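Next come two complexes, and both contain chain A; in the first it sits with chain B, in the second with chain C.
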Partner chain A sequence: MSMAADERNARAPWALTAPALMLFVGVLLIPLAMTVMLSFHDWGQYKGIEPVFILKNWHEIATDPYYAEMFWRTFRIAILTTLLTALLGAPEAYILNRMSGRWKSFFLLVILGPLLISVVARTLGWALLFGGNNGLVNKLLMSLGAIRSPIPFMFTETGMVVALAHVMMPFMVLSVWAALQRLDPQIENAAMSLGAGPVTIIRRIIMPQIMPGVLSGAIIVFSLSASAFATPAIIGGRRLKVAATLAYDEFLNTLNWPLGAAVATLLLVALVLIVVGSNALIERRYAEVFR
Partner chain B sequence: MRRNGSLALIFHTIFVIVMVAPILVVCLVAFTPEGFLSLPTNGFSLRWFRTIANYPEFIHAFWVSLGLGALSSLVALLFAVPAALAIARYRFRGRDVLAALFLSPLMIPHVVLGIAFLRFFTSAGLGGSFAALIIAHVIIVFPFALRLTLAAATGMDRSVEMAAVSLGAVGWTLFRRVTLPLILPGVISGWALAFIQSFDDLTMTVFLAAPGTETLPVRMFLYIQDNIDPLVTSVSACVIAITMTALILLDRFYGLDRVLAGKGDTGR
Partner chain C sequence: MAYLELDRVAKQFGAQTVVDDFSLSVGKGEFISFLGPSGCGKTTTLQMIAGFLDPTRGAIRLEGKDLTAIHPAKRGLGIVFQSYALFPHMTAAENVAFGLEMRGVPRAERSERVRAALAMVGLAGYEDRHPRRMSGGQQQRVALARALVIKPSVLLLDEPLSNLDAKLREEMQIELRQIQRTIGTTTILVTHDQNEAMSLSDRIVVMSQGKIEQIGTPQETYEKPASAFVSQFLGKTNDFPGMIDRVVSPTQLVAGSWRAPAPAGLGGPVTVSVRPERIGFGDTGLSAKIITRIFQGNHWLFQCDSECGPAIVIRQNDGKPQPAEGEAVRLTWRPEDMSVRGGASA
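Entry: the complex of A and B
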C-alpha cells in the first residue's frame, strides 16, 4: 500500500507538469531554435528565403558599421535609462518607505499602477508632452528658466531616454522597495545615537544595504530598455532605429527574415550574457545579503 | 521612524507629478472640443469618444483584445494550476529547471518571442490566425498565472485537504471540492494579471497580428505611426479606464503590492 503510494508520488509531479512542459517545448523552445537556424539562411529580393547554412547575415552584422552603430545606440539608451531610473527611483523608494501607512499605500499604487497601463498609451502621453518645439515640457522648462531654447525631444535619443525611464521607473522603485523591507530601522537610529549626520547615515548605512536592490532593479530595467519596442518606435520615429525596431523593419517591411532573425538572436544572446554575468557579479559581491 | 524632510517631500511631489503627467495628459486631451490636439481649455466635450464609433476597426480590435485576453489567460491557467501544484508540493528532480523554464517568457525579450512565433506559425500554416495569437499569448502570460497560483498553493493549509482525504475524498473530487476553492483567490488574481498582460502586449503581438486579428494596442500603434490626433487619445483613455478598473479590483481582492512584487517566486 505505502509502496504504491510512493510510486504514485514519484510520478505525480511529472504527470502534473507534463502538459505545461509539452506546451513549452512545442511552442517556445522549438520556435526559438527555428529562429536561430533562420539567421543562418540565405535571402534574396526575388528568391526569398533559401534554407541553406551560410554566415552571410552574421558577416553583414559584424562588418557593416550601420549595425555596430545601431547596437551601440540601443545599449547607450538602455544604460542612460538605467542610470536615470536608479538616480531618481532609489531616493523615491526611500522616501515612500518613510511615509505613514495610508499615504504609503496610496503613493505606491500611484507609482506602481502605471506598470499595468498600456505602454502605447503612456508613450503617447510623452509624445503629447514633447510635441514639437513648443510642447508642454519645453514651455515649462523655459518658463522656469531652466533652459533658454527648446530641447528637441521628439525623434531624439533624449526623448527616448526620458519616456523609457518613465516606463521602467516602477520596476526600479519596486526593486529598491523590496530591499528596504529587509532593512532594520533600528540600525538607522543606532547610527544617529552615535552621532552620525543624515548624509553619513545615507552614505554609510542606507546605500550599502539597498545597493543589491538598486543593482537587481538596474538589471531588469537595462534588459527591458535594450529590447524595448513601442517607446523607441513612437518617440524615435522611422529614422532613429534601435535593435527591436530594426528587427521589426526587417521582418515586416524589408521582409529579409534571416537578417532580422540574426539581429534578434544577437540581441537575445547579448542580453542573456549581460544579465547572467551581472547577476553572478552581484551575488558574489553581496553574498552576505542574499544569504 | 523619522519623518521625511521638506526637501524629500518636494522631490516626492515632483516625482509623482512626472509619473502621472503623461497618463493625465492623454485623458485630458481626449476630452478636447477642438478638431486638433489641445488641452480642453474651452470646456469638455465627448466628441472624440463618439468619433470612435465611426472607426469599426478600433471596435473590432477591442473585441479581439478582450477575447484574446480572456481566453489565453484561461488556457494558461489550465496548464499552470497543475504545474503550480506539482512545484509547490513535491521535491523532484528537475523541479528548479522546470520552474525556470516556465518563468522564462519573462526573461526573453518580447521582440524575440514575436519573431520566433511569426516564423513558427507561418511554417505551420497558421500565420495571422486567431489560434496562433492565443497560443502565443498563453506562453507570455503563463509566468503570471503560474506565479500567483504558486503563491496560493504554497501558502495553503494542507490540514483541510488531509481531513478531506481521511473522509474518503480522492482525485478529481478532492481537487474540485477542496483544493481548488482554497487556492481560488490566487487563481483568479493570476487570471486577472494574465489578462492585463495579454490585453496590453504590443511588442510580440505586432509581429503576429494580421488585418482582422489586430488587437487594440496593435491598431493604436499602427494608427500613431501615421498620425497622432485626438481620436487615438480618446481610445487610449478608454484603455486606461479599463486597466484602472481591473487594477482597483485586483487591489481590493488581492493587494496590488503582492501581485506586483510576485511574492513566493518559485515556492522557495
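Entry: the complex of A and C
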C-alpha cells in the first residue's frame, strides 16, 4: 500500500505540471522543431517547398556576403541600442530611486507608461517627428534655418538605434531599479562617513553594485533588439533590412520559406549562444554581489 | 571641558517633533548609551551627530567647534550601522581600507593599519573574504574595524548588536567594551536593550518620546530612576501606592501594612518603587499571597498578590527553603532600597 502511495507521489509532480508542459511543447517546441526542419528543405520558384534534406539554404547563407552584412548590421544595431539604453537608463533609474515618494511613483509611471503603447505607435511617433521633409522637427528646424536639408532619420541605422533605444528603455530602467532595491539603504551614508564624496560614492560604491542589474538589463535589451521586428520594419523598411525583417520577407514576399527558416534559426542560435555565454561570464564575475 | 557637546538640540519632521531640547556633554573617552524604546528619537539624535540629518534647533560641538557646519564626509566620525552597511563587492580588507584610501594614506601604511584593525577585532586571516561569505558576527567585526581604523574622534554605534543571537551578542558586548577601553575612543551607542546599555556604558541617557528622561551612570539610573518611565524601562520593578502620614510623629511613609520613617520634605500620596530582588520575606511588612513560584536555576521568581496590587519578588537560590505557592507572606524591604516619587513638597 505504501508502495502504491509512493508511486502516486512520484507521479504527482508530472501530473500537476502536465498542462503547462503540454502548452510549452505544443506552442513552442513543436513549431521550433518544424522551423529547424524546414530550413533543410528545398524550394523552387515553380515547384514550391520540397520536403527533402539538403544544405542548400545554409550553404547560401554561409557563402553569400549579403547575409553576413545583414547579420552584422543586426548585431551592430543591437549593441549600439544596448549601450545607449545603459548610458541613459542606469542614471535614470538611480535618479528615480533617489526621488521622494510621490514623485517617484509618478516618474516610474512615466517610464513604464510607454510599455502600454504599441511598439508600432511609438515608432511611428519618431517617423512623424523626423520623417523626411514633412517630419515635425525637421520642418521646424528648417523653417528656423537651423538646418538646410532634413535630418536623415528614416532608413538609417542611427534612426533605428534611437527608436529601438526608446522602445527598450523601460527594460533597462526596471532592471537597474531592481538592483538598486537590493542596496543597503545606509550604504551611501557609510561611504560618506568614511570620507567619500558624491562622485566617489557613485563610482566606487554604487556602480559596482548595480553593474549586475545593468548587465542583465543589457542582455534583455540586446536580445530583444536583435530580434526586434516592428521598429526596424518601420524605420528601415525594405532598404535597410535586419535579420528579423529579412526572415519576414523570405516567408511572405519571396515565399521562400526554407531560406526564411534558416535565417530565423541562425538568429535564434546566435542569440542563445550570446545570451547564455554573457550570462555565464557575468555570474562568474559578480558572484560576490549576486548570490 | 566637554569633548562632545549637544546643546538644546531639536529635530522636527514637518509638524512632528522627534527630538526636543536634547542637551548632553560627553567627556573624552567616555562610553555613552542612548537608551529608549523604538521611536524615542535616539537614532535621529545619532544621525544628527553623524551629519545625515541637520538639527532644526540647537548646536552640536566637538572640542568647541561647531560640528553642524562640517560636511558629514569631513567630520571624521566612525559609524557602525545596524545593518553594518558593508560594501558587498569588496573584501574585508578592502572594506576596512576604504576610509584610509579616502584620506590618502599611502599604500604600505594602509595595509599595515588594515591588518592591525582586523587583528584587533579577531579577524586576522579573513582579509580576502567577501562580507557575504562571513557570519553576522564576523560582518559586525569588519564594520567595527572599518569604523575604528580611521581613528575617529567619536565612534557612533547604531544598534550594532541587535542582529546577533543572544549568546554572540553577549560575547560582542564584552569585546566591544574591551576594545573601547583599550583604544579610549569616545563612543556613543544607540540601543533599546537595557542590559546592553548597562553592561557597556559609563553613562546612560534614557530617552522617551524625543525627550531625555534621565542621564546617569548605570547604577544611578537603575537604583534611583528619575521617573516612572525609567524605572519601568530599566528592568523589572514594583510600584506600590503609598501615603506619607504627617499626623503621627515622626512622619511615616505607609504602603499597606508596610511602614517606615518618611523621607524629608514630602507629603500626601506617593509611589513607592522597589526592585524585585530587593524585597525579602519577613515577619512584618506588606501582606501578600504567593500566586506562582518559578524556579530559574540561580534564583526564584515569585508572583504575589499583595494588598497594594501585584508584586514580583526575586530571591537568590541560596539553598534555603522558599515559601510555597498559595502561602501567605509578608513583603519587606529596607527604606534605602526604594525610590519614592510624587508627593507634594511640604
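Just so we're on the same page, the second predicted complex is superposed on the first by the 261 of 291 C-alpha atoms of A that agree within 3 Å, B and C clash if a C-alpha of one lies under 4 Å from a C-alpha of the other, contacts with A are read in each partner's own complex, and residues count from 1 in each chain.
Going forward, a contact is a pair of C-beta atoms (placed from the backbone, for glycine too) under 8 Å apart; a residue touches a chain by one contact, two chains touch by 3 or more.
Note that the coordinates shown come from a computational prediction; the quantities given were computed from them, not determined experimentally.
Shared-chain residue A:Leu84: touches no atom of chain B or chain C. Look at A:Trp126: by the touch rule set out above, it reaches chain B but stays clear of chain C. Looking at the shared chain after the overlay, A:Pro208 reaches chain C, while chain B stays out of its contact range. Comparing chain B with chain C, the partner in contact with more residues of chain A is B.
Touch criterion met: A:Ala190 reaches chain C, while chain B stays clear of it.
Once the two complexes are overlaid on the shared chain, A:Phe251 sits against chain B while remaining clear of chain C. By the document's definition of touching, of the two partners only chain C reaches A:Thr200; chain B does not. Residues 185 of chain A touch chain B in one complex and chain C in the other.
Chain B contributes residues 1-4, 8-9, 11-12, 15-16, 18-26, 29, 37, 78-80, 82-83, 85-87, 89-90, 92, 95, 98, 101-102, 104-105, 107-112, 115-120, 123, 135-136, 138-139, 142, 196, 199-200, 202-203, 206-207, 217, 220-221, 224-225, 228, 232-233, 236, 239-240, 243-244, 246-247, 251, 256-257, 260-261 to its touches with chain A in the complex. If you check the complex, the residues on chain C that touch chain A are 50, 52, 72-79, 81-89, 98-99, 102-103, 130, 132-133, 146-147, 150.
Residue ranges of chain A in contact with chain B, taken from their complex: 9-10, 12-14, 16-17, 19-21, 23-24, 27-28, 30-32, 34-35, 38, 88, 91-92, 95-96, 98-99, 105, 107-129, 131, 136, 163, 166, 169-170, 174, 178, 185, 188, 223, 226-230, 233-234, 243-244, 247-248, 251-252, 257, 260-261, 264-265, 267-268, 271-272, 275.
The residues of chain A lying in touch with chain C in their complex are 184-187, 189-197, 200, 204-205, 208-209, 286, 288-289, 291.
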